[in-house]
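In the two assemblies presented below, chain A is common to both, partnered first by chain B and then by chain C.
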Partner chain A sequence: MKKTLLSLVTATAALALATVAAEAKLKACFIYVGPIGDFGWSYQHHQGALEMQKNLGGEEQVELAYLESVAEGADAERALERFARSGCNIIFTTSFGYMDATNAVAGKFPDVKFEHATGYKRDHPNVSTYNSKFHEGRYVQGIIAAKMSKAGVAGYIASFPIPEVVMGINAFVLGAQTVNPDFKVKVVWANTWFDPGKEADAAKALIDQGVDIITQHTDSTAPMQVAAERGIKAFGQASDMIAFGKETQLTAVVDNWGPYYTERVKAVMDGTWSQVDVWGGMKEGHVVMAPFTNMPDDVKAAAEAAVEKIKGGFEPFTGPITKQDGTEWLKDGERAENGVLLGLNFYVKGVDDKLPQ
Partner chain B sequence: MFDAIIITIATAATPILIAAIGELVVERSGVLNLGVEGMMIMGAVTGFGVALTTGSPWLGFLAAAVVGALFSLLFGFLTLTLVTNQVATGLALTLLGLGVSGMIGEAFIGQPGVKMGNISIPLLSDLPFVGKLLFGQDPIFYLSILLTLAVAWFLFRTRAGLTLRSVGDNHASAHALGIDVIGIRYMAVTFGGACAGVAGGYLSLVYTPQWIENMTAGRGWIALALVVFASWRPWRVLAGAYLFGAVSIGQLHAQALGVGVPSQLLSALPYLATVVVLVLISRNRRLTMINTPASLGRAFVPDR
Partner chain C sequence: MRLELVKRPQHSTLFSALSPFIALGLTLIAGAIMFSLLGKNPVDALYYYFIDPLRETWSLHELAVKAAPLILIAVGLSVCYSSNNWNIGAEGQFIAGAILGSSIPVLLPGFQSWIVLPLMLILGMAGGAAYGAIPAWLKVRFNTNEILTSLMLVYVAQLFNDWLVRGPWRNPQGFSFPGTVRFHEYAVLPEIWPAAGRANWGFVFALVAAFLLWFMMSRTLKGFEVKVLGQSPRAGRFAGFSSSRMVFFAFTLSGALAGLAGICEVSGAVGHLNEKLSIGYGFTAIIVAFLGRLNPLGVVAAGLVLALTYLGGEAAQISIGVSDKAVRAFQGMLLFFVLACDTLIHYRIRFVGARAGAGEAMRHV
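Moving on to the complex of A and B:
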C-alpha cells in the first residue's frame, strides 16, 4: 500500500514537472572549446546557435545558454552536469574531446538530450553525434587551386595529424589532380589550432619556398593576411574571411551548423527527437562554400560544377586512388567506407610531406 | 629568399624582445611580475581598437603603452603598496588581462586592422641581403633595438641604473642609504608594463593586424623565460629573442622543404633550445649568482 502511494506521489510529481516543462520555453545549451571570438571553430558553432534561436521564434521560444573555453576532460563533465541541472532540454557539446564527459553525464540525466559534435560514442539513447564532411569543400578548393596556380604547388598549413585534417589534405590533392595530375602540395604542421603569429610565419615560409596558393586547417585569419600582403591567392577556413583578403580569398569552406541545430532543437520541441549519427555535407547544407571570388569565369564554372556533382551524391574519395607509397587504395569506382575515412592515417599520391605518426 | 627569411625572423623576435626588455628592468629592481602575458594582450586589444577608430597605428601603439602601464600599476599597487604575493598577483594579472581583453575586443572580431607600414629609404633599402633588414623594416623594429641599447646603457652606465640594481640586489641596504625603494620599483614596474603593452600592440598592428582573443598565444611566458635565459643581461635578451625566432622560423622552412624529421619534434625545437641554453648557463653558478637580482620576488616593507 505504502509502495503504491509512493509511486503515485512520484507519478504526480513527474506529471507536474512535465507540465511545467511544457509551459516553460525550451532551453538549448552549448559548450564551446574556445572563445566565441576565435572567428573560427567555436565562432561558427555560436553563429549556428544564434541562427537556430532566430529560426525558432527568438528569445520568447528558445532560451540560449552557453559556456566558452571549457577545457576538455574533467572540467567539461562538471560544466555539463551544471547545465543539465539548470534545466537545459538539449545540450550540444561541440568538440571531439567532450566525448566521454558527454556520455557519462547523459547516463545520469536520461531526460536531457545530448548532441556531441565529431565524436562516435553513443552509449545512451539520449546521445546523438553529428559531424560535417568538410573534405567535400576541400576537394572543390583543390580543383580551384590547380586551375589558378602557375607554380603547380600549393602550401597547406595544417594543425594536428588527426584523421579529420589528413582527410582534408588528401581531398585537396585529389581535387587538384583532376585538373593537373602532377600537382603538388607542401604541408607545414603548426601543431596548434590557434596561434596567429605562428600561422603567419608558416604562410611566409611556404611562400618563400615558391607556393602560390595558400590553404589552411588552422583557425586564425593570419595566413590570409600574409597571402594578401605577398599578392598571392588563398582559401579561408571555417568562416568567410573575405574581409581579410578582398583580392585574395578564392573561397572558403564555411561550417554551417545553423540548419542542423534548428532541426534538432525543433525535434525536441515537437517531441520527435531520437538518436541519430549524422555526417552531413554539401547536400544537407552543413558545408557551404563562400562565394567564388578573384578567379576567372571558367575556373568559377568548374568549381560550381564540382559543387553540383558533390550535391548529387559524388564522394571525393572514389577510386582509382593510389596511396603515397604507390600501393593501390581504392579500385576504379570504389568508394571509401565512412569508417576508413574517419580513421584516415595515410596520404594519397602527390602530397609532398611525410605524415607525422 | 635569404633576406625574406631574416625579416620573418626579425618580425617573430621583436615582440618577445620588447616585452622581455621591459620585464628585465622590472626584475632588476627586485620585482617578479608574471603578468606579462596579461599586459601584452591588453596592449594588443587597445592598440588594435585605437588604431581602428583613429586610423593611426602610431596612436594605437601609444594607447597600447599607456594601457600596459596602467595595468601594471594595478600590479604595482597590490604588490608594492598592499604587499601581496608577487607570484600569485602576477598570475592573476595574466588571467584578468585575458578575460578583460576578450570582453573589450568582442566588437573588433572579424575586422581587418590597420597595419603599420614599413620604412623605405631609397637606394639603401635596395641593397642586396641586408638592405631590407637594415633600412626597410617597420619602425617598431628599430625601436626595439634602440630600446635594448638604451636599457643596457641605463642599467650599467648611469647612476640611476646603479640605484635601480641596488634596490633589486638588497632592498634593505638601499633603504638604509635613503633610497626610495618603493618609488623606484613603481617606476620599473610601470616601464615594464608599457613595454609589454607595446609588444602586444606589435602583434595586433604589425605581426598579424587583426584582433582575436588570446592572440598572444603564450609569447608573454616566452619573454619571461628569456629574461632568465639571458641571466638579466639586455644584449643576451636580444640574442635569445633572435635565437628563438630563428629556430621557430627555421623549423617551418625545414618542414616545407620536406626534411624527414617529425614535425612535433621540430615544433618543440625553440623550447628545447631555450632549455639547453638555460642548462649551459646555469652550470656556472658563480656567474649566475652575480647576475641574479638577490631580492627578486621578495616583498619589501620599510620598517622605519
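Moving on to the complex of A and C:
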C-alpha cells in the first residue's frame, strides 16, 4: 500500500513537472549574416523561422529571437553566447562563417541545441548541420535556359569560388547539356553576396558579351532588373523575385527552410532532438521552384518533368560527366559522392571560365 | 542667412569636463524618444543598452574583446593625428599585421615552441609598421596626400588577404572554403582568465600601449615634438625637429599598433586567418580616437563606450526586438551628440545675415 502510494505521488509529481515543461514557452533563436530585408538568403531564413512559429502554435508556444547582420568573426561568438544565456533552447546559425563560433559556444552550453547551416563541423553532440541541394534547382534552370536561349550561351553571376557555388554552375551546365550538348556558360565572379551595383554591372557585361539568359548566385534583385531592361530572360535567386521581373523571371530556386525548422524545433519540444547532418533537396521540400513563367508550354513541361525526376531520387551529378579539362570524372551511371560534391573545386565541360584557385 | 562657427577666445573648463555627460544625457533623451516612437518601452531599451551588458562577468570579458582592437588602433592614431598626419588606413595595417603574424603557424606548422607567439606578435607589429611606412614614404618623397594613399592601401590589403586565404594559404582540409588551418596551441594568444570569459591578452596590451603613449605625449620630449610639429610645422623646424622623420614616426607607430591589434584578433579571438577578418575596426578606431579627444587615456574610455554600444545593441535586439537599424541609429546619435557638444564648447554659432555677409564680402574687395 505504502509502495503504491509512493509511486502514485512520484507519478503525480512527474506529471506535474511534465506539464510545467510543456507549458514553458520554447525559445528558438536565429542569427543572420545579412539584413532580413535582403530578399535573398537571410530573408528566406527569416521566412522559414516565421513559418515554423506559425506551424507550432504561434507566439504562445514559440518565442522567436533573432540578430541581423552579425559579422562572421569574434562578434558571432559573443552573439551566440548571449543567445545561449538568454534562454534559447535551440539556436540556428545561418551562415557558413559561424561554424567555429557555433562549435565553441555549443561546447559551453551542452543543454542548448545548435543547428549550423552549410557547415561540416559537429564537434559536440548538441550540434547539427543542415544544408539544401540547391544544385537540383539549378539543374532544372539549365534545362529551361537551353530551351529558351537562341544564342546557346547563358551568363552566370557568381559570388565566391566556394564548393556550393561551383556545384551550382556545374549543375546548371549539366542540365543545359541534356537539351543542347554544345551549350556554354560564361561566368563573372562578383566577389560579393550582396552588392546591387556590382551585380548589375556584371549582368550588363555578360549581356554585352552576347548571352541571352542571366542566372545568378548573388542575393540582390539587380541582375533581374537589368535583364528586364535589356529584354532578356533571367532566373531569381533564393526567393521568388517575380515582383522585380514580371516578364523576365523564368523561375527561381527558392530556399524553403520552413519545413526543416518546424521539424527541428518540434523535436526539441518533444524531447526527441538528436544530432543530424541533413542535406535535403526537392524530395524533402527544402528546395522549391518558383512558378514557371514567361515560357512556352513545352519548356514548362520539360522543367516539370525534371523536377519530378529529381523528386524521384535522380542526382544531377550522375555520369557520364567530363571535367572541363577533358578528363573523365564520372563513368556512365556513376553518382558523385557527397564528400566530393561538398568540396567541389573544378568545372565540368562547357563552362567558359577559368575557376579562380 | 547662413551659420558660421567662430572659435571662442577661451573655453569653459567646467563645460569641457561636463561635455561627455551632457552628450550622454542628450543621447538618452533622444534615444528614449526614438524607442517610444518604435513602440518599445524606452526604460527597458536603455537598460538593455547600457546596463545589461555590464551585469555579468562573461559580458565584461566580451566588452574587453571588442574594445581591445579599437583601443590599440586608436591610441596609435591619436598620436599620429596629433602630429598632423592623417593615417586613414589603419584597417590595412591591421590586415597586414594579421597576415605577417599568421605566416608562422600557417607556413611552419611543425614549428611548435613557446617562442612562436612572441615572434608572431613582433611580426604582426612589423607588418603593420611596414605597411604604414608606404604612405609615409610616398608623402615624404613625392608629397602625395597620405589620406588618399593610406585609404587606398586598405583595399589592396583586403584583396591580398582574400587571395591568400582562398589560394595558397587555404586549409587543405577545409572543403575548399576560404580560411587557413586553425592555429596550434602555441600560436594562440591565451585568455587572461579562461574560467571567467574570453578576454585575451590583447586587452592588456591595449591598456599598456595607452599608458605608455600617454606618458610619452605628456612627459617626454618626443611627445612635445609630436605636438609642436602637429600644431606648427614651422615652429617645429626652428626647434630643430624634422617633419619628414615625424611622418615616418607617426605612421610606423600607428601602423605597428594596428598590426598588433590585427595579429591579436586573429590569434586570440578568431583562431585562424580568414577573409572575414576586416570588419572595419581600423575605421571605427578613427571615431574612437576623436571621441577620446586624441588623448591616449581618453581613448581607453572612448573604446570601452563604443564597444558597449555594440554589446548593448545586441542585448536590445534579443531582449526587446529592436531592429539592428534602430541600434545603429542610436549609435550614430551618441557620436553626434559627443562631437556636437565638444564643438560647441570650442566654437560658438554665429548667424550671418545674407545682407551682412554680402556687405562683408564687399569690404574685402
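Here is the rule we go by: the second predicted complex is superposed on the first by the 334 of 357 C-alpha atoms of A that agree within 3 Å, B and C clash if a C-alpha of one lies under 4 Å from a C-alpha of the other, contacts with A are read in each partner's own complex, and residues count from 1 in each chain.
Definition applied: contacts are C-beta pairs under 8 Å (C-beta built on N, C-alpha and C of every residue); 3 or more make two chains touch, one makes a residue touch a chain.
Owing to the predicted nature of the structure, the values given are computational and were not obtained by experimental measurement.
Novice: Superposed on chain A, are chain B and chain C clashing or fitting side by side?
Specialist: clash
Novice: Answer with first, second, both or neither: which of chain B and chain C does A:P356 touch in the superposed model?
Specialist: Both chain B and chain C are touched by A:P356.
Novice: Pick one for A:G231: touches chain B only (first), chain C only (second), both, or neither.
Specialist: neither
Novice: Could you tell me if A:S86 is touching chain B, chain C, both of them or neither one (first, second, both, neither)?
Specialist: So A:S86 only meets chain C here.
Novice: Could you say whether A:G73 touches chain B, chain C, both of them, or neither, answering first, second, both or neither?
Specialist: Once the two structures are laid over each other on A, A:G73 reaches chain C alone.
Novice: Between chain B (first) and chain C (second), which does A:A200 come into contact with in this model arrangement: first, second, both, or neither?
Specialist: A:A200 contacts chain B only, not chain C.
Novice: Just checking: does A:F244 make contact with chain B only, chain C only, both, or neither of them? Give me first, second, both or neither.
Specialist: In the superposition, A:F244 touches chain B alone.
Novice: With both complexes overlaid on chain A, does A:T192 touch chain B (first), chain C (second), both or neither?
Specialist: first
Novice: Classify the contacts of A:L344 with the two partner chains as first (chain B alone), second (chain C alone), both, or neither.
Specialist: second
Novice: Regarding the shared-chain residue A:D208, is it in contact with chain B (first), chain C (second), both, or neither?
Specialist: A:D208 sits against chain B, while chain C stays out of touch.
Novice: After superposing on chain A, check 9-17, 45-53, 63-71 or 81-89 and name the one in chain B that bumps into chain C.
Specialist: 81-89
Novice: Please write out, lowest number first, the residues of chain A touched by both chain B and chain C across the two complexes.
Specialist: 35, 161, 191, 356-357
Novice: What part of chain C is in contact with chain A in the complex they form?
Specialist: Against chain A, chain C makes touches at 56, 58-59, 62, 65-66, 162, 166-167, 175-178, 182, 198, 265, 269-272, 274, 276-277, 279, 310-311, 314-315, 317-319, 321, 323-325.
Novice: In the complex, go through chain B and note every residue touching chain A.
Specialist: Result: residues 1, 4-5, 8, 12, 15, 102, 105-106, 109-112, 203, 207-210, 212-215, 217-219, 248-249, 252-253, 255-258, 260, 262-264, 267 of chain B touch chain A.
Novice: Give every residue of chain A touching chain B within the complex, in rising order.
Specialist: Residues of chain A touching chain B: 34-35, 37-39, 43, 155, 161, 186-192, 194-202, 204-206, 208-209, 220-222, 225, 239, 243-244, 352-354, 356-357.
Novice: Okay, in this complex, where on chain A does chain C touch?
Specialist: 29, 35, 65-69, 71-75, 77-79, 81-83, 85-86, 96-97, 100, 120, 160-163, 166, 191, 342-345, 356-357
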